[in-house]
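Handing you a structure now.
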Amino acid sequence: MSQQRTPIRSQMAWSTPDRIEVQGYDLCKDLLGHINLGDMAFLELMGRPPDARESVVFNAILVTLVEHGLTPMAITSRLTHMGAPESLQGAVAAGLLGLGSKFAGTAEGAARLLGATLEANPEADIDTLADDVVRQARERRQHLPGLGHNLHKPVDPRAERLFDIAAEQGFSSRPVALMRSLSVVASRVYGRQLPVNATGAIGALCCELGMDWRLARGIAVMGRAVGLVGHLAEEMRTPIAAEIWLRADEEAHEHYVPQGGDDADS
Amino acid sequence: MSQQRTPIRSQMAWSTPDRIEVQGYDLCKDLLGHINLGDMAFLELMGRPPDARESVVFNAILVTLVEHGLTPMAITSRLTHMGAPESLQGAVAAGLLGLGSKFAGTAEGAARLLGATLEANPEADIDTLADDVVRQARERRQHLPGLGHNLHKPVDPRAERLFDIAAEQGFSSRPVALMRSLSVVASRVYGRQLPVNATGAIGALCCELGMDWRLARGIAVMGRAVGLVGHLAEEMRTPIAAEIWLRADEEAHEHYVPQGGDDADS
Amino acid sequence: MSQQRTPIRSQMAWSTPDRIEVQGYDLCKDLLGHINLGDMAFLELMGRPPDARESVVFNAILVTLVEHGLTPMAITSRLTHMGAPESLQGAVAAGLLGLGSKFAGTAEGAARLLGATLEANPEADIDTLADDVVRQARERRQHLPGLGHNLHKPVDPRAERLFDIAAEQGFSSRPVALMRSLSVVASRVYGRQLPVNATGAIGALCCELGMDWRLARGIAVMGRAVGLVGHLAEEMRTPIAAEIWLRADEEAHEHYVPQGGDDADS
Amino acid sequence: MSQQRTPIRSQMAWSTPDRIEVQGYDLCKDLLGHINLGDMAFLELMGRPPDARESVVFNAILVTLVEHGLTPMAITSRLTHMGAPESLQGAVAAGLLGLGSKFAGTAEGAARLLGATLEANPEADIDTLADDVVRQARERRQHLPGLGHNLHKPVDPRAERLFDIAAEQGFSSRPVALMRSLSVVASRVYGRQLPVNATGAIGALCCELGMDWRLARGIAVMGRAVGLVGHLAEEMRTPIAAEIWLRADEEAHEHYVPQGGDDADS
């Protein structure tokens, strides 16, 4: 091995026979019994526990992400559990794999857009920035993340509630203001109601908490993993996966156009 | 479709334009701002939020499961992220897939063993039960789940701390007593230190909380999903996956015994 | 590092600037252009290419496993693709995760049962062995793998065809005979038609080819990975995942029993 | 349900008690015993079996993709198998999840680039097109997919062999010519050897076969699924995953900087 090797380093955890350090804290003395799962998630991402105000906001973000009913991801987890009930981890993993650009991309996209815009223009007027962002998106025919909802109109109640919680805890500065302004401007420019939706609010609050936009999808994964286990618990009690499968298969069978001319003749 | 169809039902969540119900609660009014991620996880599994005592114990279980350092699962998530950095959900999913019988099986196995033993013998003396369980396991050459640890000797500090937290909150009845008694009996019978380990304590506390043993693995998945996102956040800051890969590949290359005799000659 | 380290070894592949060895063969000269994907799969598992007879039988096994229509796995891959179209590998992975005990277990189970029975009784009469196996399974209330099919009655045409192919190629010795005899005995003992099904035939042919029963699931994974990519190709042309999801979600919404006391009052 | 429903359709497969149709062919009569796994993969993607020339080229592409030695994906599958040996499908799925933009993106990118360029300029001179493509990539600081290799210099022997096979079978038209010309132009413009690599050749041959560039990643998934099962077969015989893990964990432990001030003092 002539090549210079870089060392393998990780500061996530460390153990001796009688002590376990996690993120620099004594797991048994400092964390267990003192910290909830949401705060632990913050510690894992930020390297320090949240203060009381951050804890409220971050847990609210996570709780919003847990449960959205019978989503494609939830159906996926249930179908996978039907084939491999011995591997609950596989059923959750299968569900998480649907958390891609179509579903998770918007919180990520909103966090990225807000972060980049505000970082590049630290002094600029918020409404002027919103005008610029909407105009550019329109010119480039780009989708504006975090705005609009099929069902929740004229406002998405989750976004309103998340913004209220953030304001109560003192997190209502430029990212929230820009997200709100984008909604106003975009609604006017596109001529239809484009309220801030839940993912837009989450993107803005990630910025308020100082989190890297690349972690927004990770936060969604954390919340949704909890929700998918919940769906598997319901599937164990009252299974529906087989029914979803059988109906689809049956209908596909009915609509199928057989090809086998030769055999049909014989 | 001549077949009788069963209905597709789910009570996980439900929405109208201005209201979102999750597990029968108003998401915005009752949950957001009031409940942390660990309590939300309890709600997803049990259909009701935990009381204050359950919240402490359940969050302690979850927090124990989040972070174990550079495990095979953490390395897996990091290697996967290297190949598909655009799919953080895939990297977490890959890591979770290692949460199988070797790692997650023990909490599950402990919860199952304790639950089945106590349900079948609701009145029996705990130490007598422990004697029976250890004797049977020995006769059948079966592994006793939740006992022993390579590093944490003579006690696993996490198990002790979890039992203390549970006792403080009033959860220290027959499952905890049986788990402790199994440790005493097994250590005597096998002639070596077999302390209750973290997974054994978690299994016992799942029983104390009245949770189905089949959900023990789900609880591990919830906790570990949080930890794997944490590892990916560290990997983004200080990557080590490429180095782990290159060293293994390089060494395998050195030890490789070329087969191509014919070509070597020609 | 005081601990004795074991070396990292792998004989799968090896490269120099102008030569790539795979399984001991020169990839460019010996394999590319000379070997098909099924033969390459055999080489990966057995460390040598198949002869002409093995190639026919092994490819027939693999081809049987590729496509079973709109299975839970296929629906899973399609739903996952809807959420993460940028990660085709994630959609295939999600589908494969359903290849667990319920679906893949039977080929594995048949291969294991046949292998263990014949190895333990190398000289025994086949019909006597079949009588013993069925009797024991009945006494222990164990499921006999590889027998019976909901749709394909009185015979599974795939099993018959696979056995014919194997016989034509000279692979019709004790594993096939035992699998066939199990069908006869089980049909008589249980009083209903229990033909050898496709997975039973595959299990028997894996034994004929001398493959470890633990690889039977791997062979299923290989075949099904091909089929799931096929389903994603159809999904790109004529999407159905959204419709399957929306119908399930809509029906669950209709059947949902709202819990919210306050709203119910108003 | 007031909404208009779209029908669930799939033409992948269809069964009656005595007949199974796959892609419009009688599985037992037309496919089993007559078609190898690579041809079956072609049939799944293209809706028709390959002719003899296409079969040689497509199988060569697939075989190239199967085995690349101890890649991050192979290590991932092995680590996952260590934790969940009962779920071989999970270990393969975990490995496949690394087949993202960094590894699979290049064949996909090459197929896309060649296809789009040639479709937009059906009559243009190949070398002129290559000049334009390289110039534009340089101006936009975009990576040119399918060119260059760390180890295989001055040529990638797999690319040469794939091009030779294609030429022998009559597939050496504009996509191959453009890929070769890109290599010549880019090597001159960037002033270093940039041979067509294996993924560049595969991208070009996908175009020659008339395949949608979005399926290039699917072809990689098919091939690699076979290879990952191969690695798991070797891992069962001669395990290395535990050693890879332990070394990384041990080194991280050595380099860890404890944070715990209180304990450090005591």
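Some observations on this one:
As written, the chains take the letters A, B, C and D, and residue 1 is the first residue of each chain.
Note that in this section a contact is a pair of C-beta atoms (placed from the backbone, for glycine too) under 8 Å apart; a residue touches a chain by one contact, two chains touch by 3 or more.
The model shown is predicted, which means the values in this text are computed figures rather than measured ones.
The interface holding more C-beta pairs in contact, when A-B is weighed against B-D, is A-B.
With chains reduced to the mean position of their C-alpha atoms, the one farthest from chain B is D.
Computed from the mean C-alpha positions, the centre of chain A lies at a distance of 22 Å from the centre of chain B. Here the spacing of chain B and chain D, counted between their Cα centres, is 34 Å. Looking at chain C, residues 7-11, 14-15, 19, 29, 69-70, 84, 86-87, 89-90, 93-94, 97-100, 240, 244, 247-248, 252-253 sit in touch with two or more other chains. Taken together, the chain B residues at the contact with chain C in this complex read 7-11, 14-15, 19, 21, 24-26, 84, 86-87, 89-90, 93, 97, 248, 251-253, 255-260, 263.
Interface residues of chain C facing chain A in the complex, by the touch rule stated above, are 69-73, 75-76, 79-80, 82-87, 90-91, 93-95, 97-103, 240-241, 244-245, 247-249, 252-253. Chain C makes touch with chain D in their complex at residues 1, 3, 5-20, 22-23, 27-29, 31-33, 35-41, 44-45, 55-56, 59-60, 62-64, 66-70, 74, 87-90, 92-94, 96-100, 104, 151-153, 155, 157-158, 160-162, 165, 168, 212, 214-215, 217-219, 221-223, 225-227, 229-234, 236, 238, 240, 243-244, 247, 250.
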